[in-house]
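Across the two complexes that follow, subunit A remains constant while its partner is subunit B and subsequently subunit C.
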Partner chain A sequence: MTAYIIRRILYAIPILIGVNLLTFALFFVVNTPDDMARMQLGSKRVTPEAIEKWKIEYGYDRPLLWDSKAEGIAKATHTIFYEKSLKLFTFSFGASEADKRDIANEIKSRMWPSLALAIPVFLVGLAVNITFALFLAFFRATYLDYSGVVLCVVMMSISTLFYIIGGQYLVSKLLHLVPISGYDAGFDAAKFLVLPVVIGIISSFGSSARLYRTLFVEEMGKDYVRTARAKGLADTTVLFRHVLKNAMIPILTGVVVVIPLLFLGSLIAESFFGIPGLGSYTIDAIQAQDFAVVRSMVFLGSVLYIVGLVLTDISYTLVDPRVRFE
Partner chain B sequence: MPFLPVVLYTDALIWLLLAAAGAYGWYCSRHEHLAAPWVRVFRNPAAVASAVVLAVYLLIALSDSLHYRPALDQKDTKAAAVYAVEVRSVLDVAASHLRGRAEKTYSAPLATRSFAKEQIERADGKVERDFPRLRFGGAHLKDEGDRAADITLKALFGLAAAAVAWGLIAFGVRPLRRRLPDVPWHAALAAAAAILALAGPALWLSASYHVLGTDKVGQDILYLALKSVRTSIVIGTITTLVLLPLGIALGVMAGYFKGWVDDTIQYLYTTLNSIPGVLLIAAAVLMVQVYIDTHPELFPTSAQRADLRLLLLCIILGLTSWTGLARLLRGESLKLSELEYIQAAHAFGVSNTRILARHILPNVAHIVIITLVLDFSGFVLAEAVLSYIGVGVDPSTNSFGTMINAARLEMAREPMVWWSLAAAFGFMLVLVLAANLLADAVRDGFDPRVRAAGPVKLAAQKT
Partner chain C sequence: MRSVFPRAILVAAALAAGCSGTPWNYPYSTADRSEKILYSVFVDRPKHLDPAQSYTTDEAVFTRQIYEPPLQYHYLKRPYELVPLTAIAVPKPQTITRGGATYSVYEIRIKPGIHYQPHPAFNPEHLSLTRSAVAGLRSPYDLPGHTTRELVADDYIYQIKRLAHPSLHSPIFGLMSEYIVGLKEYAERLKKAAKPGEWLDLREHRLEGVERVNSHTYRVTLKGSYPQFVYWLAMPFFAPMPWEADRFFSQEGMAAKNFTLDWWPVGTGPYMLAQNNPNARMVLERNPNFRGELYPSEGEPGDRERGLLDDAGKMMPFIDRAVFVREKEAIPLWNKFLQGYYDMSGIQSDTFDQAVRISVEGESNLTPEMESRGISLRTSIAATIFYLGVNWLDPVVGGTSERARKLRQALAIAMDWEEYLSIFANGRGVPSQSPLAPGIFGYRDGKAGINPVAYEWRGDHPQRRPIEQAKKLLAEAGYPDGRDAKTGAPLVLYLDTTSRGPGDKPRLDWWRRQFANLSIQLEIRETDWNRFQEKLRKGTTQLFIVGWSADYPDPENFLFLLHGPQSRAKNQGENASNYVNAEFDALFERMRNMSNSPERQKIIDRMTDIFRHDAPWIGGFHPKNYSLSHGWLANNKPNEMTDAAFKYWRVDPARRAALRREWNEPVIWPVLLALAALVAAVVPAVLSYRRRERMAAR
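This part shows the complex of A and B:
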C-alpha cells in the first residue's frame, strides 16, 4: 500500500513539470515580455525606456532560459524561467503585478472565505443530490421518476448566472432576507454565506442528481440485486445496503478529485457575492491582467488537482477490495 | 456591385460544418446500419420537438453567417464602388426595422415611454421632468391610452398569421408523414406551433414596438438576442471541430497501440486536465488578447478582429476539452483491440492504419456522436460564464454572455432593468434545453448498453 502511494506521488512529478512548462510557454513564448509591458502600460505610444523600466520593475528584464553573461550557476538562475516558473515549485509566488502585494500571503488569508463557501456547498450538495437520486431510483420507471429527471434536465439547462442573479434579486432585493453581497469575519459571515451556498447547491443539482440516478439505476439492473430480492430482502434493504454501497464507488471517483480544489473557491459566486476568497481574487487578476497572480493560481490549481488524483486512487483502494496495487 | 461579400473565418467554418453534416446525413441514409440509431432517436417525441427548435436556431445563425459590406452611395456612378466599413449579414437585412430604430436609452418591453426621466419642453414653454415618448416604440399611437388595445389587436393579427403559417407547414409535411410514419410528427408540429405562437405576435408587434425593450444605448433587445444566437451556435459547433480530430486521433491511438504511445498520450491529457479548465482558458485568452492588441495592423475591420477572437476562443475551448473524449475512446479501443476479430485482422496481416480505420473507428463512432451532442450545451453555457469573467468573446460581438454582463450592472436600479436579462436567459434556456433533450435521445439511441437493457422501454414506446 505504502509503495503504491509513493509510486502514485512520484507519477505526479512529471505532470507538475509538464504543467509548469506549459504555463511558461503560454505566458512567455506566445507573447514576449515587451508585448506584456506594452499591454500593461496601456497606450500604443509607449517609449522603449518605459518598457525597459517596467520590465526591470517586475523582473522581466532577464533572458528567458539561459543567461550567457552571468557567472556559474547564475547562468541558469538569472532567467525568467527560473524566477517566474521554477520558483513556483517552492510555492514562492512573488508579488502581484497590480498592487505589489505578496501572493502567498493573499492566498493564505483568502483561503478561509473560499473554504467557508465551498465546503458547505460540497457537503450539503452531495447529500442532497444523492438523496434525491436514490429517491428517483427507488421509484424508477414511474411518473415520479420521469418528472424528477425532467426537472434535472431543465435545471441543468439553466445558466449558473441565472441562478445567481435571480437568487440575489428574489431573496435579497425583493424579500430583504440577506444582504446582497459582502463578507464579515467570524460567525457574522453566516448571513452573507447562506444565499451563495444555497445557490451553489441548486446550480450543481441538475447534472449531479441525474448522473447519480443513472449510476443507481444501472447498479439496480445487476444480477446480485435480483438475487438479493429473490432471497426475500426488502426493496429498501437492497437499496441502502447493497446498491448504495456499490454505486458509491463511481460517485467517489468523481467526488474525491474535487475536494482539494475546494480551496480555490468558486470563481463566479465569489465575485457576485463579494466574498474575498481565492475565486474572486483570480477573477480580479484576470480582469486586471495581473499575470503573476493568474500564473500562481494556475499552478496552485494543478497541484491541488493532482493531490485530488492521488487521493482518488487511495480512496479507491480503500473502498473497493477488487482493486489491487499493481 | 451593390455589395461586397465578406467571408469571416467562422462563416466559412459553419457552412463547411453544415456541408459535412449534410454529407454524413446522406451517407447514413444510404446505409441501413448507420441510419438505424438515428431512426431510434427520431422515434422519441422529445427529440423531434427539440430538433425543430434547434433547426430554428440554426436557421437564424445561418442567416447571420452570410456577411457583406454594402456599397456607399456615390454621385459619380462610373467610379469604382466604395464599400462601407461596417459588415452586415442577411439577418441584419431581414431585421433592418429592428436594427435601425434605436432609442436613446432603456425602455421596457412594449413601452411607449422611455425608462429614464428627461427634461421636456411643453407646448406652452414650460420645462418638465417626465418620461419622454419613445422615438419609435408605439410612435404611431395618437393617444397612449390605446396602447393595450393596439397591442392586443396586433398580437391577434400575429397569431392569425402564425396559425396560417402553421397550417401551411402541417399541410406541407403530409407527404413526409406518409413516407416516414414512425416519426412522431405531432411532436414536431407541436413544437412548430409553440415557436410560431411566440414568433408571430412578436414579429407583428416588432414593426411598431420594442417587443423585448431596449438596452442602455437604445438598441432593440430582440435584435440583440437574435444576433447572439449565431455566437452560441458557432461556439457550440466549431469548438467540436477542434475537439474531434484531437480527441479521436489521440484517444484511439492510445487505446490501440498501448505501450509508450499510450503513456505519452495519457501524460499529455492528465497534464492538460490538471490545470483547472477556466484558468487555462482564461490564461490562453489573455495571451491571445495581448497578441490581438499588439498587432492591430492584421485586422482591416473591427468585425474581422472580433471574429478572429471568437474563432480563437473556439480553438482554445477545443484544445482544453478534448481530454474527456480521448479518455472515453482510449478505454473503448483498449477493449476493442483485445477482441477476436481484431486479433484475426492482425493474423491476416492487415496493416495498423487499416485496422484503425475499418475496424476500430466505426465501432467507437457512437461515443463520438454522443459526446458531440452532449458537449454542445456545455459550450453554450460556458460562453456566458467566460464572457462574464471577461475572457469570452470580443465586447463588440453580440452574445448572451455580453448581454448578461451588460445588464448585470443595472441590477441596482429601481425598478430593475430585467428585460435584457430575461431575453438572454430565455433564449439560452430554450437552446440549451433543446440540445440537452436531443442529447439524451441520441445517447439512448446510440448507446448499445441502453439497447441491450431496454427492450421493455422500446415496446412501451410503441403502444
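This part shows the complex of A and C:
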C-alpha cells in the first residue's frame, strides 16, 4: 500500500503543476499586472507611478513565464509563474494582494467555521440519506416507496438558494427560532449552525437519497439476497447486514472523495449565513481579483481532491476484500 | 405520555435561551444586551485601516472613529463647515515668497493633554520582541503593560512622512507631492534608505515642507496656493501616527500574524479597535484615554425640532461599544434590522416598497409597518455624481464642432433621467443640472439652477424639454430622423458599460429606448471593469457611464473632472471625458485658488454655462441616500463628508431590549405540527412492516 500511495503522490505533482499552469493562464488571459494593480489601488487618484510601485512590491514587474534577459536558471526563476505559483508546492502561500493578510493564517482560522458547518452536514446528511434510502428500498414498490421517490424528485428539483432563503424566512424571520445569520466561536456557534446544517442536509437529501435507494434496490435483487431470505433471515437482517455492506462500495466512491474538500467550505451557504469560512474567502478573492488567494485556494482544492481520490482507493480495499492495489 | 415530548422541547428551548427572556434568535452574547452598544454591519471587509492608505467608505467607518486629524466637519451645520478637532483652530494659510516662488504655510497648533489609546507599543519593552514572543500572541493586546503618551506635533509630521513611505501605497501621495514642498524628493530618498526587513525610522529623515515648531505646533509648506488643503486636514491621511506604533508593528513575525497598522490602528479618537476579525466581526471599544468632547450646541434650522440638539453641551461619546457584523447578503441584513438586531440600515431596491412609500407630491415617507416599529427615515443627497460621459476625442460625438455639439445637446434632452431614477433607483436621486452636487458652494437651486439646454422652468419645477426639440437639434446636427443627411446611413452610437449581468438587461434596454426616441441606434459594448478602464485610459470609448464621489465639499472637487489638463487619455487624470475648453480651463485655474465669495460664484456660473453649452456629459444624477434607524438610536444625522459620527450617537438599551423581545417571540406550534406530521407519516410504514412480519410468520 505504501508503494501505491507514494506512486499516487508522484503522479500528483505533474497534475498540480498543470492545474497551476491552467489557473495562471486563465487569470492572466483576463488580467494584466496593471489591471491587478488598479484593482487593488482603487479607481480614484491612481497614478502610473503608483501602479509601477505596486507591481514592483508584489513582484509583478517580472516576465510571466520566461525572463530572456536573465542568466542561467534565473531565466525560469525570475518570473511571475515561478515566484507565485511554483512556490505553492512548499505550501508557502504568501500574503493577500488585496489586504496583505497572511494567507496561511487566514486559511488556518477560516478552516474551522467551514468544518463546523460541513462536517455535521456531511455526517448527519449521510446518515439521514442512507436511512431514508434503506426505508424506501425496504418498502420498494409500495405506495410508501412511490411517495418517497416523488418527494426526492421534488426536493432535488428545488434550488439550494430557495432552501436557504425560504429557510431563513420561515425559521428565522417568521418563527424566530434561530438567528438568521452570523457566527461565533466555540459553543456559541451552535445556534448559528442549526439552520444552515438543516438546510444543507435538506438541499442534498433528494438527489442522494434517490441515488442510494437505487443502489440498495439493485443490490436487493441479487442472488445472495434471495439466498439469505431463503435461509430464513429477517428482512431487516438482510437489509442491514448484507445489502447495506455491499451497497457501500459505490456510496464510498462519491462520499470519501469529498471528505478532504469539506475543508474548503460552501460558497453559497457561508455567504448567506455569514459564516466566515473558506468558501466565502474564495468568493471574496475572486471578486477582488486577489490572485494570491485564488491560486492558493485552487492549489489547495487540487491537493485535497487528489487526497480524496487516494482515500477512496484505500477505502475500497477496506470494504471490498476483492480489491487490491495491484 | 403523549404530552411529555412537546413539553420537553419547550423546557429545553427555554433552557437554551437561558431562561432570561432573551429571544431565541438573539445573535449576540446575552451578557451585552443591556449595555450601550451600537450594532451595525459591514458588507465588504476593509482592506486598509492604516490612515496613510485607507480611502474607502467601508474603511472610514472604522478609521474615522479611531484616528483624529487636526480638523473635522461640524456634525450638524449645513453647508458643511470645518471646525477644529485636535487643532486649536482651523489654520489660515500665510503666503510667502521665496526665490521668486510663492508658498502657502499652514501652521497647526494641537491642543495639549490629548492622549493615545492604551497600547503595548507605548511600552518600550515591547519594541524589541523576539519572534517567539510574537508567535504566541493572538492579538497585540495580549501583551501586558499597555500604556499611553501625549499626542505631539511630531506624530502628525511622522504621518505626513508616511505618505511617501516606499512600502505604503498612499492614494494621495501623487496629489500631495505636487503641493507639499519636498515630498516627491523625500520619497526618492526613502526608497534609497529603505532596507528589506528593517524598520525605516522616518524621524531620521527630514522632510523640507513639514517642520516642527514646538511640541504642539507644526508647519506645512505648500507650493503655490491650494485652499482645498484644509479639507485634507479633516481626513485620516493627516491623522497622527506615533513612531512607536510604526516600530512596534515592524517587528519580525508581526506581519505573519496579521499584526500590522493596516489591521490594528492606534489613535487618539473616542474608540479603539478591540476585536478585529474582518471576516466576521469588528468591535470598537470606548477609548478610556479619550479626553471627551462636547456635543454641538448649534445646528441647521429644524435640528432642534428633530431632537438633534437635545444633548447639546453634553460630554461625548455616549456609546460604549460598537459591534460590526459582516453581512454579505442583503436579505439577512434587512431581516435582522427588522428584528431589531441592527440599529440602522440602508434600503435595497428589493425592500424599498416595504420600507418607503412615495406620496403624490413625490415625498418619501415610511410605510405604516415601519412607522409602527418606531423606525425613522433620514435622506440626504450624496456629494456624488453619476453621468453619461462623452469622449471628447471621438470624431462623432466629441469635439468642438457645431454638428457634434448639437448632437450632444439633442441627446441631453432625450435622456430621461427622471424616468431612469424612477425605474431603477426607486426615485432615489436628483437629475443633475450641472457638474456640482447640491450643497456644494456654487450649486444653484430652483429656476436659476436649471440646465436650459435640456430643461425649461414650468410653474415651480424644471421640466425636460419636449423630444421634438431634441429631434430638431439632431436634424440641425446633420442627422434628420437619426440618419446621416449626406449618406443616408443610420446613426449608430456606442455605449461602453460594465453592466453585463442578466439583471442589467432592463437597464440596457432602457438605454436603447432612449436613443431610439431619436431614431438613433445604440450599440452597447459590454465589458469587464479592467477593459472598461483601459478604454477610458486610451480614449477609445464613445459614450460611457462613470461616477465621482467628492473628497471634500468644494466645487473644485467636481469641476476638476472637466479640467483639460486632467484628461484621462492624455495625462491619466480624472477628466474621463477628455473635455477641453480653453475658457473653462482658465476659469478653473482662477476659481480653484479662491475662497468662497460672490466673485467665485460668478466664475462657477460661467463655467457651468460653458459646460451646459458644450454638453460633454449627457446629463446624470446625484444619488439620494436613504437611511433607516430604530427609535432607540438618537442624534443620527446623515453627513456625506464624514463617518466620524459614532461619538454623537446615543442608544437606549432598555427600550431596545424590550422591543427585541416583543418582536422576536418564538413561535413553536408549527414545529410541533411538523413533528406530528412526521410521526403520522411513519405510522403507515410501521403498520405495513408489522403486516409484513405477520405474513412471514404465516
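One rule holds in what follows: the second predicted complex is superposed on the first by the 298 of 326 C-alpha atoms of A that agree within 3 Å, B and C clash if a C-alpha of one lies under 4 Å from a C-alpha of the other, contacts with A are read in each partner's own complex, and residues count from 1 in each chain.
What we mean here is this: a contact is a pair of C-beta atoms (placed from the backbone, for glycine too) under 8 Å apart; a residue touches a chain by one contact, two chains touch by 3 or more.
Computed from a predicted model, the values in this text were never measured in an experiment.
Touch criterion met: A:Ile165 reaches subunit B and subunit C at once. In the superposed model, A:Glu52 makes contact with neither subunit B nor subunit C. By the touch criterion defined above, A:Arg110 lies against subunit C but remains apart from subunit B after alignment on the C-alpha atoms of chain A. When both complexes are overlaid on chain A, the residue A:Asp145 reaches neither subunit B nor subunit C. When the shared chain is aligned, no partner comes close enough to touch A:Asp61: not subunit B, not subunit C. Look at A:Asp235: by the touch rule set out above, it reaches subunit C but stays clear of subunit B.
Counted by residues of subunit A touched, the larger count belongs to C, out of subunit B and subunit C.
By the touch criterion defined above, A:Ser280 lies against subunit C but remains apart from subunit B after alignment on the C-alpha atoms of chain A. By the touch criterion defined above, A:Thr23 reaches subunit B but does not reach subunit C. When the shared chain is aligned, subunit B comes close enough to touch A:Tyr305, but subunit C does not.
Across the superposed pair, subunit B and subunit C both touch subunit A at residues 30-31, 35, 38-39, 44, 165, 168-169, 173.
Interface residues of subunit B, counted against subunit A in their complex, comprise 267-268, 270-276, 278-280, 282-284, 286-291, 293-294, 296, 377, 381, 384-385, 388-391, 400, 404, 408, 411, 416, 418, 421, 425, 428-429, 432-433, 436-437, 440, 453. Looking at the complex, you find that subunit A touches subunit C at residues 30-32, 35, 38-50, 53-54, 57, 95, 98-102, 105-106, 109-110, 113, 135, 138-139, 142, 144, 165, 168-169, 172-184, 188, 191-192, 234-235, 271-274, 276, 280-281, 284. By the touch criterion given at the top, residues 14-15, 18-19, 22-23, 26-27, 30-31, 35-36, 38-39, 44, 153-154, 156-162, 165, 168-169, 173, 221, 261, 264, 267-268, 282-283, 286-287, 289, 291, 294-295, 297-298, 301-302, 305-306, 309 of subunit A touch subunit B in their complex.
For subunit C in complex with subunit A, the residues that touch the partner chain are 16, 23-27, 29, 45-48, 55-56, 166-167, 169, 171-175, 255-258, 260, 262-263, 277-280, 325-329, 331-332, 335-336, 338-339, 341, 528-530, 533-534, 572, 574, 664-668, 670-671, 684-685, 688-689, 692, 696.
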